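Comments concern the structure below.
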Amino acid sequence: MPLIKREYNGKSPEDFRLVLDFEGMENPQGIDAYKSKKGYEALTAVLKEKRKPDDLIQLVKDSGLRGRGGAGFPTGLKWGFVPKDAPEKYLLCNFDEGEPGTYKDRYITEISPHMLVEGMVISAYAFGAAKSYVYLRGEFYDEIGWTEKAIREAYDAGFLGENILGSGFTHHMDVYTGSGAYICGEETAMISSLEGKKGQPKLKPPFPAVAGYLGKPTVVNNVETLAVVPWIVRNGAEAYRAFGTEKSPGTKLFNLSGPVKNPGCFEVPLGYPLKRFIEEEGGGLLDGKKLKAVIPGGASAPVLTAEEVENITLDYECLQAAGSMLGSGAVIVIPEDVSMVDVLDNLMHFFKSESCGQCTPCREGTGWLGSMAHSLAAGHGQASDVERVAAIASQMAGKTICAFSDAAAGPAMSIVQKFPHEFQSRFG
Amino acid sequence: MSQEQSVQLTVDGREVSVPAGSTIMEAVRKLGEIEVPHFCWHPGLSVAGVCRFCMVKIEGVPKLQIACNTEVREGMAVDTIAADVKEAHKWALEFHLINHPLDCPICDQAGECELQNYYMKVGKYTSQMDEDKVLKPKALDVGDTLVLDTERCILCSRCVRFEDEITKTSTLGIFNRGDRAVIGTFPDRRIQHNYSYNLADICPVGAFTAKDFRFQCRVWFLKESESICPGCSTGCNVKVFQNGNSREYFRLKPLENPEVNGHWMCDYGRTQFEHLNVKDRLVSPLGADNSALSWSDAAARFGELVKSQAGADNGKVALVLTPQHTNEEFSAIFSHLKSQLGREPEVFVWREATEERDSFDGILFRGDRNPNTRGLEDTLKELGVSAKECSGLKDVGLSQAQLAVVLGPEVERAYPSLETDLAVLREMPAVVYFGNHRSQAAAGLSLRVPTLVFTEKEGTYVNHAGLKQTLKANARVMPSLKSLTEFLGGA
Amino acid sequence: MSTTTHPFSDELKARIKSFLTRYETKRSSILPILHAIQDEKDWISEDDVALLESEFDLSAVDVREVLTFYSMYRTSPPEPWRLEICNSISCWLMGSKKTLEAAERRIQEAKSRGEKLPFSCREVECLGLCGKGPVGFVNKERHENVTPERALQLMEEYSQKPLPAAAVRCAELQTGEGSASENPHSN
């Protein structure tokens, strides 16, 4: 299931396996299966060869790895922001996967939670964290179990704990469980939650790399980001850069959802054509329906029309240029028979439910857009309402502590701007 | 990085220099001429940055930034009046108002509501809101002093931070999330501490209102003047609010003074307007039979009483002072007696027997419930008088005196043993009692002379730390009232 | 009156204590502790929160903020089986609304016949399995492709199962076998 179907850029599908190399194995989640696939070799090499932490940071910088949670921030750069001399630092793995359309991180742990554990220990070593947490969303009952088990196995095998492999490096890891709040996927909201508080993003500056969990330097990285680190350590930055584009190197996990024949999680080189992805990997739409729109990067990414999809490639820069974003890599397909008015209603309901309520423009704006979209969908709207949606959304964007307000505003604006005719037919 | 370093920046073209590490908000505040609208920011609390109202434009920065959490940089050019900044302010206000009930006609905050004020300053738009408002609990009884209307609340979190950072009681929280977020205490728990009225002060809207002021008076009828709280030796700077027409006092609020009280005052201090109003005041001199005397008759009687003790071989005269009056008054009464008697009276400093003088709550409130303990000490020292400090008036040898001249406490509540002490005075041959209370407590003394209260006189209080502070005089609640010096001048 | 037992079992109290020292600060234990209480008694009352303050020194306001912020915590006694269907965009595109309607209709129909099913049904936001929508949970068990037919079938299947221990404990406490001060109907 998870690979592209045919040759791409002169390479065979198998060549694009970085992350998902554990399929078809019996008990792939276990540490033995992982070790049989070079598991913990990278960590062992790092610790036995006493690699300099700064060299590892440089390696990840050179690889061009960008945060896979949605923002696409260069990972090595993030690690580099952590003060070297701070006595207490933390690594926090963002496994709060909740962006509608996204289910890649759970897929990684379903296949091999040890990839994550190894990636975390190496990353922690690189910037000097003695403690890390995997923050999982509360609904991930199975995933919590898989992760806990992998951590236990890693402790038993000596890859976690005091003086790992005799290197002098000590690292402890634990899991922490959220309880139903999308916003906890925002890194500082996650830190607040880990501190036992409401999941509300923290005012920046200071940034978490300087003052995060309990005011200590903290790096928050997505599961997918951390899971690919061992591969980069084993194969080098150049090898990683052989995939993807200049500014978006590597492969990425993309999730396809909505009414397509073959929905799922695929490992795809960045820069891959979106249309080909939907048609070949996804097998096209169910019942031979025509494509109306695509949300390319999870519910917070502005929508693309079917025409726009024609020339889109799945990488950070192309989607940004098209006014949308790569986000978490969740491609959501909207067929011709679904009204965009109802899509707006659905999305705005989500954002209204999930706003943390801290910043006024977001708290009030998401509530307001939620009510308006609902009334438009119920046929009580008028032409001025559509203008109001755009006006409200434009004033919510860029005005708040975190990007949630933008995440609500972007889809709202894109829908009313790109599909005005659909609203007209619904006016009461 | 030294905090001593200063940073030069411009705000709307005006230059200002502030210490490195300051925020734009602090720079703007120092400049004084410009206001950046804000709700959640408060100079006495940590920065929350949640109202998103204080947007400013910074040269070279693509997005608007909040003034309250943006640190100044050398050469920074801040713009608070650009078209997009004004638009952002207008919209920020609209977001605050869409779920606000707009019940100004029945809201006590009306007239001093920051939503109203900012609407006039940066709003004046036609609302775009056409949807139903979110409903939340109203008129909650959250303590002896406060009523909470969670619909009016704009969730600025000032009150939550006050309870976390100042009183450290953490009684308030914001529950739920999104537009269902609501301020409150834990169910059935109340806000019970000595700083609760500050919550009504810092609430920028009418969510917290003070029970003792609810439905009493529209704020636009109130005249504001500055004064010093007489409630304890901290000497908090206060604003006193009086109805301009009726001269009735309605409330006290803190006046910012970083050296003394910062932004706050205690609830005990808030009650220091109650004894100011005419209904509780002694307004004319009274004789021993409680009959009213004219001011001139009273002055004459006082003169006679003092003169009868004049001369070196005559009886003992006691001057009993409470640390509740100004340095100038202490000096005036002492000097007057000395000149009239031809010798110094014996001076007693009358303190409450049950006081816990050295207690302090760690915030503002001190066990010394006198505003001028230090001032009295200083004045006596200057006059070269060694006074006898007494804890209550019993067994201090007063009975040997032929005449006692007493400057009684202005705030009688600070003297819970007043009745016992007055009983001592009643046994004396002659007592002239200066006081401001109509109460019967001092009835039967030879002569009772009305005094002015702290809001009606000029003079000096010296607080616990030795800081001299000056009182300013408002009009007297009764024009016929005389100050101590005016009275002594006629005696 | 039955003897008043503590609303938390000894086992729960031990779990709470272990969470209190597991993280760097005590406050971090609030979320896991609330999960643990809910796992035992199916929901969390104001009394439970007050108890966390009086017996375990956690601030009641802090705990209540957390309790009311996160959507997984239940603040009133629930039905024994909770059908939670994701209605976020991917599942919605696959017909989750119809699933929700079908399940709700089944519950309401029974109600109109005077029969009370041990189910509640509500829509929830994204559950993180968007390629297999509509996705749903029955209590802690995840189900994929929950079409209206599948939802009704699930309700049938769960009807046959013994009630979950937490639901039994919840019912016991409601009928007064637990703490006398507990009043689950106040919500």
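So that you can tell them apart, the chains are marked A, B and C in the order they are listed, and the count of residues begins at 1 in each.
Here, a contact is a pair of C-beta atoms (placed from the backbone, for glycine too) under 8 Å apart; a residue touches a chain by one contact, two chains touch by 3 or more.
This structure is a prediction, so every number in the text was calculated from the model and none was measured.
Relative to chain B, the most remote chain by averaged C-alpha coordinates is A.
When the interfaces A-B and B-C are ranked by C-beta pairs in contact, the top one is A-B. Chain A and chain C have Cα centroids separated by 28 Å. Look at where the CA atoms of chain A average out and do the same for chain B: the two points lie 54 Å apart. With centres defined as mean CA coordinates, chain C is found 51 Å away from chain B. For chain B, residues touching at least two other chains, in rising order: 174, 176-177. Under the contact definition stated at the top, the residues of chain C that touch 2 or more other chains are 62, 65, 69.
Residue positions of chain A with contacts to 2 or more other chains are 181, 198, 353-354, 356. Only residues 170-177, 185-187, 189 of chain B touch chain C when the two sit together in their complex. On the side of chain A, the complex with chain C involves touching residues 97-103, 106, 137-142, 174, 176-182, 193-199, 213-214, 255-259, 263-265, 295, 299, 330, 332-335, 338, 343, 346-347, 349-350, 353-354, 356. On chain A, the positions that touch chain B within their shared complex are 181, 198, 203, 205, 352-361, 363-368, 371-372, 375, 388, 391-392, 395, 398-401.
Those residues of chain B that touch chain A in the shared complex are 39, 47-53, 55, 63-64, 69, 71, 87-88, 91-92, 95-96, 98-99, 128-132, 134, 154-155, 174, 176-181.
Of all the residues in chain C, the ones that touch chain A in their complex are 22-32, 34-35, 62, 65-66, 69-73, 87-90, 92-94, 124-133, 137, 140, 142.
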